[in-house]
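Structure below; questions to follow.
Letters A, B, C, D, E and F name the chains as they come in the text, with residue numbers starting at 1 for each one.
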């Protein structure tokens, strides 16, 4: 069951008013304008034992993504394709609001939005992951680990996931006479075939204002958010409204336009980290 | 699991869909309220082969008192599929998809329910998919809207939803399971036309800015018709529309 | 752990007295005599995507049963037989007393009583369900979905299950050269081989009275119930006392006799629905 | 999982069963109370190779206060099988069978426990099957009855149970696992003879009206003997009956 | 999450003082000196249906261990070895403190300490358990069932496990032409190959005293415990400090010395039970 | 699952280990505190490739009020491994190993935390293994000690831990995963040198009495150095020691 969440009164009314009066002037408490994300820092290769990894920081928000790769069986309806699975954990060290236990609806939604943003546009060429079509394929696990939560987990997670996938190398393997695949994870082989780079841009609605990359304080006073997935050609490759309020038709279309523009900041940080990594 | 139908033509030379519909045509729709005796409100919504039942209990005391809110009712929503609703039997344990859709449907209803009238209570909405042939989440929103009204829960407006999609390059209304799995994009949308708000909005797939706008228009137009049918149904208790 | 349930005081003492004074005259609040079930309405084929389906209504009680059929492996000790599984869910839209979650002891008991009533007499010819004996057999899932609870879930569930099994068609399939079985659920093939039709008759004990097919109000004032499974030849093919009181030897034997008689009403409704379906 | 033994003769030409018993004969029975030091009451009941241990705690405060009843003690019963009690190792997680049997055993004890004396408390009965060779649920009822008495819980009467069955067309008393799996019917029954009530009654299999009556008679007669043994045991603390 | 447990005030302060004043004189309430275990009674073969079984009693503490043996597949990294699994259940009839449900941290710790004490020294020759190396091996399940808890579950469980393993017989089996292994559990075959007999000795620290085989009352007033696994040659084959206090270096080394000595009592009881069994 | 490397030489002819270390040499160590913004205290501890993050929240009100103690704070500890921390992906569900180690780490911290100052509260310690290459439980204790100090929780002394082992017959300090899996014994140990107490002590494997004493000495000596580094780190916030 999905239940109306308890909103912590972290930001009292008077604070909300001061945020709004800044928005009215096109400004925000941390010096940003409404349509610019926070400082983005991405680092790849942070977990040597993972086949790919990255940490993405958006202001104080920190998300680590690890890619693990193993051999497995394909799904029956896609026998010639590898399998991509995205999983997210809101570990309790990231926020006083997170509790130990299986992923709650927020973690599930996050993982599924990241998963679809990768899957629907074909970001990873899954058909390049067949070892013996119909029998043995590579299984990719993308594990998102939220380490510090200061708002906008979607964009930080998507950046970490994308960077980790770009960082990943398939392990070397041998095919035994018995047909079994022996994987040697100590030897890193080919990079994954990534056909599209995707980011999400999250836009919060606070009263009549649309603001990009909200902090946790801003999320607390926001009515709703829309997450827009964009590729490097600025095509819209996914979207999700989230939060307990509605948005007008105009707000949604305007948010999509803002997302295209703001995605440039994320792509710049992503591409720099990859060329450096 | 859905099978991708490679090479399948979904729009024929006359511009009609695999089941003969025009791109902007809904499947046959039926609405009925008051279908259950125990629930405070209930509704059955059918669109094509998709059949969704919704029931509302409340406002009532929530079983876990710590979920109560001092200034409003909590809305509790469960979207669930019957094991026999799908081609392959669905395990009764809640899937990750069902967990996400319960949240998405709750957030599609929150904007219209006037929860402030019932502090320290819960309003429970149970959505059961009896048969799934595409558009079950938006059908769930529509059924839930009817059931809430049937239960007498005060609302700012009725909500309805529909899945718009893109198949063979064409924006189409009310995609069924085949079109959803073989198509290029799926855009479930729900709205409360009386207050001018879109309350559910998802896009799975790739659309250009212009296609997106076209899809939203097509969805909102159908939603207005569905909400009119809801009003009619609530007056008369049953409404059937045999396809457009 | 099984725990003494909390009995809601739905029916106050004074109401119980009025029920009892009617029973004394052989009558009930809804006009029935003590040994007659409520109006039975059965409809088959209500879920086109299921291989078999039916809805059974006993007064306001509504139960839907769906039969799904897939290919699987037989149990090791019955290599030549298909597998029948009965599962029941008390979904929360059916009653304010039901809560979301895995089946509780009542749902488990219901499913197991229906399962045994089918299994012990051999209602479904499981040996007709072998595709390749020892390797591939049909797996039948009977899923019981309680939609509205106004008492006597046992009889309504058994009727729905039996009707859905009689409605079911095995899917068509092809055997590939590889030996794999390709099932095409869009084409409906042979009906199941049903050797016996079975119903259960539930009899509640309220003080010294035995009443057939109790409503929810009547169950609330009942001391105990006995569920008796009967086939068309009126053989006793299963039984279960349920509820926190005992019954005398005479009451149990009398209930068995009543059940035989009352089963005729159920069989009539069942047979009519099948011949119509 | 039980193996059906097709073609196996379970009654020989002399009318004796596979282990030499007459149709109406119990296996050797042993009862012992006070076998555990922590529990408020405990008992070990053995019938043939079936060994069941029961312990009673309470009346005590229930851990979940919302399970309390204002006018009586709640009875809480768990029937559980040790992983090593069966031919194939039993997973320790509670099976659907164990869930059902916990309920059936609770309902077999409720009619005799005078719960009204201890409102707002719980009386906990834990039944552990140490070795399973047929009739474990009825052995559980018997062991629980002894443990309740050992704990000093006031009861209207003692309860005992036995599984009657039909094998090779003959009604037999106290079926073991082989007879249960290969036979035509299994009728577990428990009763409190002192108050004239049958408190557990199940039938798995097919019986005629007359066979049913015969089976009930045979069961009740044995139950009277078992309850007499319980009384003896509670006086002397140990009773062994080396088969009849 | 592991949480500081609630200590029941079973033993009030004044009682603790009386215990300590006895310890000061080298004595205990039940007449033992500090370094002697309670009366040990071990009986094997108590569950005929298990492949091996034993009940161990230490004073009022009772633990039953059952060994079940089935055919299974080996682990990939040890293809030529059988599989040994130890599982413990604190069933609620053993103590008012135990609740139904999956094993808690105490049961998990107990099972893992017993498992490691057997495994690290190679108590059971796992390589003797290969039926067809790489394919079929014997799987041994050791299930520990706590029946009555009066302190020192570790030592009682280890004794029961060791005795049950020594009691166990592999079932007879046939290899079918298909390669399948048909096990006949009614016929008992070879005993397990046990290379080392191991016991644990648990020593509680109460203030400055180290006492062997604490009762439940003594555990309640103890600061910490150390469990020392010892084989017949008095080698140290495992150890675990448990409980929320620390111990000095000297206390730990002294406890190890005490354990060697006290193990003789356990081995004597174990060996007697086995030669009798 | 660890692979046993049969026949592998772990100590070379010069007495050096597979990675060139001397038997009593730690791997390179790095400590950092205050690495997270939400937690009341946090620390990152790296030893070789092993990376462990710890965060502390509290003293705060525990979510389940029945876990509160009237005379002290409860310590709640979770040891958890990230799915990507190990060679084969670790399932996120808590394993039996993680359940045991959460307890062992809690009991390694209890002796130093002055819990009596905060009755009816909880102090929560979350240990996340980001990369596992041996010694993760003792690294967890070290990281937790730093995070507790960073959170300002009063302690009787700092704690640190290290895994001592025996490989090729030699007692070695700070075993990595290869040495742990291929070696003869693994002895994780943690201590609070300022109060002279060993707070975590486990032995997996076989040691003689004399080897045990040697291993304990070697561990305690390294722990004293690690605690000195902790103190340095808490003064300066970052300390890196590039191997000894």
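General observations
Keep in mind that, in the parts below, contacts are C-beta pairs under 8 Å (C-beta built on N, C-alpha and C of every residue); 3 or more make two chains touch, one makes a residue touch a chain.
If you're wondering where the values come from, they're calculated on a predicted model, not measured in any experiment.
Where touching is counted per the definition, the chains common to subunit A and subunit E are F. Repeated interface: C-D and one of A-B, B-C or A-F share more than half of their contact pairs by residue number, and that pair is A-B. Taking each chain's centre as the mean of its CA atoms, D is the chain most distant from subunit A. Set against the C-alpha centre of subunit B, every other chain centre is closer than that of E.
Chain centres here are Cα averages; for subunit D and subunit E they lie 31 Å apart.
Chain centres here are Cα means. That of subunit B falls 51 Å from that of subunit D. The mean-CA centres of subunit E and subunit F are about 27 angstrom from one another, to the nearest whole unit. Within subunit F, residues 78, 124 each touch two or more of the remaining chains. Counting partner chains per residue, subunit C has residues 1, 100 touching two or more of them. Around the ring, proceeding from subunit C in the sense that reaches subunit D first, the chains are ordered C, D, E, F, A, B. Subunit F contributes residues 36-39, 42, 49, 51, 53-55, 57, 60, 63, 78, 80, 82-89, 92-93, 124, 126, 128, 130-133 to its touches with subunit A in the complex. On the subunit E side of its complex with subunit D, the touching residues are 47-50, 53, 60, 62, 64, 66-68, 70, 87, 89, 91-96, 99-100, 102, 141, 143, 145, 147-150, 185.
On the side of subunit E, the complex with subunit F involves touching residues 1-4, 6, 75-78, 105-106, 108-109, 111-112, 116, 120-121, 224, 226, 235-249, 252-253, 256-257, 260.
By the touch criterion given at the top, residues 1-4, 67, 69, 72-78, 96-97, 99-100, 102-107, 110-111, 115, 122, 124, 185, 191-192, 195-209, 212-213, 216, 220 of subunit D touch subunit C in their complex.
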